[in-house]
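See the structures that follow.
Next come two complexes, and both contain chain A; in the first it sits with chain B, in the second with chain C.
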Partner chain A sequence: MPHASATTSSHLLKKDHLKGFLRKLAKEYRLVAPVRNRHNDVLFTVIDDLDAAEIELGEPPQNSLKQFFLPQQERLYSYTNTPDGYDFRPTQTTIPPTVYFGVHPCDLSAVLYMDVVFSRRQRDPFYLRRRQGSVLIGVNCNSPAPNCFCNATGSGPFLEMGSDLQLTDLGDRFLVEIGRAPGHALIEHWQGFFSPSGDKDSAARYQAFLEARGRFSRQVHVEQAIRQLEAGTVPEQVWEELSLRCQDCGGCAYLCPTCTCFTISDQQLDATSGQRLRSWDACTFGGFTAMTGGHNPVQAKTSAIRQRFLHKLRDDVRQNGRPSCVGCGRCVSVCFGGTDIVRFVERACQGSL
Partner chain B sequence: MPQPSTDIYLPRQAKVEQIEVENSQISTFVLAFCDRSDNDAFRYQPGQFMLVSMPHCGEAPISISSPPTRPGNIHLSVRQAGKLTTAMHGLRVGDTIGLRGPYGRPFPMEQLEGKDLLFVAGGIGLAPLRAVVNTCLDQRDRFGALTVLYGSRTPSDIAFQSDLGLWRKQGMDCRLTVDAAEPGWDGAVGLVTSLLAGLKPELSRSIALICGPPLMFRAVLGKLAAMGFSDEQVLTTMERHMKCGVGICRHCHMDGKLACVDGPVFSLAELRRLKIMELDG
Partner chain C sequence: MTNSINEIENAEVILVSGSNTTEAHPQVARRMLAAVDRGARLIVIDPRRTRLAECAHLHLPLKPGTDIPLLNAMMRVLLDEGLADDLFIEMRTENFLALRDMLNRLDLEETAALTGVPLPLIRQAAQLYGRARKAVICYCLGITQHVCGTENVQTIANLAMLAGQIEKEDTGVDPLRGQNNVQGACDMGALPNMLPSYQGVHNEDYREKFERAWGMRLPEATGLSLVEMTHGGPQGPIRGMYIMGENPMLSDPTLNKVEETLRGLDFLAVSDIFLTETAQLAQVVFPAACFAEKSGTFTNSERRVQMVRQATQPPGECRADSEIIMELSARLGYAMKYGSSGEVMEEIALLSPIYGGMYHDRLEQGWGLQWPCWDRNHPGTPFLHKYYFTRGRGHFMPAGHTAPGEAPDQEYPLLLMTGRIYHQYHTGTMTRKSERLTRECDHAVLQINPTDAKGLCLRQGEPVRLLSRRGEITLAASITDQVASGMVYTTFHFHEAPINQLTNDAFDSGSRCPEYKVCAVRVAKVAP
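Let's turn to the complex of A and B:
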């Protein structure tokens, strides 16, 4: 009854079968997963040799999936400027269909947010070209890291929807839930790897969820900060203090899975040609809003970090009904000025809890 | 407004057909898309802007200074200020530039119908308002009295002189002032706000349209409020650093709004709800 098992909503994948399943996937897709490298860092990596790759699902990767859909720098066009004219040629890049495996709920939520950013007002062809044909296989998070607070941003530790397949680690096996149609197709195509799940597996998933929920070491009052921002009751002093301490390094924005602000610039190659580049940018940089002639509507000393938190915790809540901080904690780990989003939430809420 | 091209960042080639020197720093570039069908299909409203590409200079937002009632050309009046605009001032007739757009929320022309319009501008700020003035003049019976108050640094800095001459010929009340007089100048000297003192607008049917540097903007707002203008009766167009022009890159953020898609045209009532440098100082 193979068909019957393929239409139920959840399945089991024994851990012994994981590599076999991934090997099959890798034949038809480019495979990206969190891999522990020889420096002991876990990074989302394009896997060329599955046997040599140490896939790590228990530890959040240092990078997110952002770079795969919005590269740190990409060429939009090459241009020539000759007596015949000033001509732009689009960059033709072929993006292989890719399976992103082992995506934690925070990073998955971030991709869903980026989908909105790059298609709500206008369809961004460069983002969508990379995003189309991608398959997202999520893994629920059993072991939040010390700086994690996705429980406070509504983006983890477990997700009910958003991925194509959603895995939960149940010890010797994964519970596999079907999210969207591409996930259904994968199960159907390689049904030999999967077996039906039962009530005790669902119960084990729930137990794992309860345990994960209890493992957060931080309590971050994101909802309270959102209310304060909407009410405009965050004291000016908080903005000024944190702005002064911001070291303008951009680390938070670069590591953030939902920071999608970019700049566009030209790079001259020779007298008659060049390329137009799109690169990551950060609203905390002093030059982000500076206009020709030095006029800048944002006062760096008092407001450098204002836009960052207003955008994530107020403007995106207004726009999408939820904050665009996914609680991954990366900015907390990287910020040496002590102006990360958790510090902001703490300072904003001081005295109001 | 639907985009003719599916690649939202791809500039289209446009040719410089004519260059009108407005003053030592400002020129008006008369442009047409090289592809005739692009030119025929081009539609916009006063207050919208284009993103201009110059070789090796990236892009900059420039508001359209010609009225949609005169199709066939796009006028961009540009002050020489940075790398890209300096390169533009090196353009000659026949040269090619890159253009994409039009972008942004325009002036609400329907709401302006039947109203007396008071234009207050400083320097290059007259460029976007020029598109509105000429639209009104081309449909003269749809609008009430038209008044232009224009401030310049010195008499030789007064730009758009040929427009001002034509506007006066058509019965418009155009008043000029300069910050510093030069020999031969017998006109007003002082801030553009001083020109407001001599006006007696019919408040019930007046709208003020302002564009100029932040200091002038704040001074004019104060004076208009004292004259009895409500925040809903004051419109302006905001200048911000921009990259994408379509509401994605966020360089033009204004306390939750984006100048490129929520503006650049705003009513003062809308701006009062935002914490922005132009109002807060």
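Let's turn to the complex of A and C:
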């Protein structure tokens, strides 16, 4: 599939010129890229000093782009209580136009999914003001990490569309494919960095894709689990056993690039003013569904994780034709209890035997 | 812990006693569950059917306070079935005969009846533990917070030595510490009878070493334990106190006595990051910096010393504990001048042999070092007691059953156990400030068995009065078969329902640890 798109407009960017290109971009945009910090962690970071930042494209970053479009906590409004009544003011924030560089296919797919949630079904102004004016420069994934399974969710390791520019690492150079108009504009603007690509480069890209596809260490049968969920044949015991093991830390939802549930809370700051906050939430928390009187329609003991997997693998497939799990494997590495989505898929598929 | 936390994952058998690990130590529980996934057998000894107990292969629901008979019965089974490690006993231990004679005099049926656990279950647990090549015992406050806490721990040591389940990797005895740095506090001599690195204060040589370094005479007498200090009464021997990061007004047993004692002091100073119940009684409160606002080290359960790096400036007038102490000391006439926490660490390395090779430049690398770490070239010690115990040979300390300080009777027919829940931490000084954690759990509940609840005509969530000989609180009933009939369970996190007004101030004569785990109570409906 990926090699089929014989893009008419692909270019080459020599690795030696990458930094120069980024420096130009950084003059007109805020630049966000995966950076290895002094504790050896790779994180999407706002880059202030390009020369001090060690950009790491080979290892998937620990955070996703979610926090940039849907911050963990965001002030939506502030209010003051005046003699004439409440005065509500939406938070004014200017989000600088941002280039997100070095985004792996899983995280790109996740942004596209968030676009569906926050702009297609309902327009969320707070999301859109961060998302609009952003430029996504993706990089195809040559070496999937041990917990990766984007090949099973249809979101990697190579991506055809969705980004503004899509890079493929070909050793000493990047093959650069134009996905959308803003990407085209970037190349037009800084033509000097790019040279035309040839058939040889397309062939190398296909070769890289084949090799990447062979490097997955996990076989995760997401399709089969989706079929079972649709048919309702996942044994009750699987839900119960996994729920029992879930340790209720919320790590999966917080790290997940497509978990977009949030809660709204009002905080009083002093006698006359306060603020309305939006913060990440997780359906695995008991308090997510508990009612004021204490009753909880979701029985934590047997169903704590049911909503999560049904949403990702059944409901979103019904609505969008594809699961909202992008196979990034973050929940697999963070999960305390061994109740991550890969375990679920494995258990669900075993149940059918 | 004699092991490292990661080693638990490789054990073949994990025996957990008196620990609600999934709620209180989730990062340890995660290793236990990972071990189970790899085929390990999990045995849980707990009066309550905790979540971990539900994941276990064997759950031994003992009556609270009968740990010693249960472990003794397990040891007797090991002896009877030839599962004792004779070579280990011969080479590495002493006083075995005393233990053997005591065990051989046991009536197994009677002992099992005392614990309330069926004998076949005890036998199975003993066989699993005895036959494993690598087994760990993890225990927590369910073992130590009893009048016989010291004997409980010694009996666990007896079991491990009898089966030879110690001295190797992935094999040992692992007490789980309840706070990030409680191990470090003990290591640094925050104990009534020890100088740093467990150098006894009664030993003249040790004292002299510290006297030379500090240029001061040190007192020879053993100090007082926590409960002795906070239960001295209004005319107690202590007239002034300085309390750091501790909230005895909620965490100590028999709170009325604590309040009486603290109010009766001539002077009380408290440093904490928030104005706790205890700080409210103080004449002077020092606002302290929190963990993210200071640099230094913490020592965790597995004896690992790790760097804490300042991430942000302390707000307002807050200062790091070390700065507060140095300032105080200077005003009291002894100038302490440390330029950095690294300089303090150099003094620790100089005076505390087990920290002998720990310097900030080494700790900056990787994940820190585990003591004992004798010198700069020492790599640290992942597991203890290889080749020899600290005292030479392991000494068997046979112990018999000790009844709890207070047993249920006609007037107070229920047995109250106290513990912790996942979403709150200790007296809630920090966690109750979190909106999300509050949403998950914001009030105390009393777990009560359906049979007992029916007898009292209680509904789920109904507020009930809980009374003991020492006090009374009101809290919501949670009807669950996690607790057996005759027992109730609650937590000490909530100042609205301060359970330690009810708990007994009986304590272990060795460790002076209060018996939080057992007292007699009565449940009554709130009058309409």
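One rule holds for everything that comes next: the second predicted complex is superposed on the first by the 342 of 353 C-alpha atoms of A that agree within 3 Å, B and C clash if a C-alpha of one lies under 4 Å from a C-alpha of the other, contacts with A are read in each partner's own complex, and residues count from 1 in each chain.
As a convention for this text, a contact is a pair of C-beta atoms (placed from the backbone, for glycine too) under 8 Å apart; a residue touches a chain by one contact, two chains touch by 3 or more.
All figures in this text were calculated on a predicted structure; none of them were measured in a lab.
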Quick check on the chain A-based superposition: chain B and chain C, clash or fit? fit
Under the stated touch criterion, which partner chain does A:311 make contact with: chain B (first), chain C (second), both, or neither? first
Touch check for A:101: first (chain B), second (chain C), both, or neither? neither
Once the shared chain is lined up, is A:298 touching chain B (first), chain C (second), both, or neither of them? first
First, second, both or neither for A:265, with chain B first and chain C second: both
Just chain B (first), just chain C (second), both, or neither: which does A:68 touch? neither
Output check: A:86 vs chain B and chain C. Expected answer is one of first, second, both, neither. What do you get? first
Looking at the overlay, does A:122 come into contact with chain B only (first), chain C only (second), both, or neither? first
Have a look at where A:336 lands relative to chain B and chain C in the superposition and call it first, second, both or neither. second
Could you give the angle made at the Cα centre of chain A by the lines to the Cα centres of chain B and chain C, to the nearest 10°? 80
Between chain B and chain C, more residues of chain A are touched by B
Closest approach of chain C to chain B (Cα atoms, Å): 12
If I apply the document's touch criterion, which positions on chain A are contacted by chain B in one structure and by chain C in the other? 265, 290
Residue ranges of chain A touching chain B (in the complex, touch as defined): 76-77, 79, 81, 85-88, 90, 117-118, 121-126, 260-266, 268, 274, 276, 281, 283, 288-293, 295, 297-299, 307, 310-311, 314-315, 318
Considering the complex alone, what residue numbers of chain A touch chain C? 244-245, 247-249, 265, 267, 279, 285-287, 290, 294, 336-338
Which stretch or stretches of chain C touch chain A in the complex? 22, 26-27, 29-30, 33-34, 37, 51, 54-55, 422, 435-436, 439-440, 461
Using the touch definition from the top, list the residues of chain B that touch chain A in their complex. 3, 6-11, 13, 34, 53, 55-60, 81-82, 85, 96-98, 214, 239-241, 243-244, 246-256, 261, 276-278
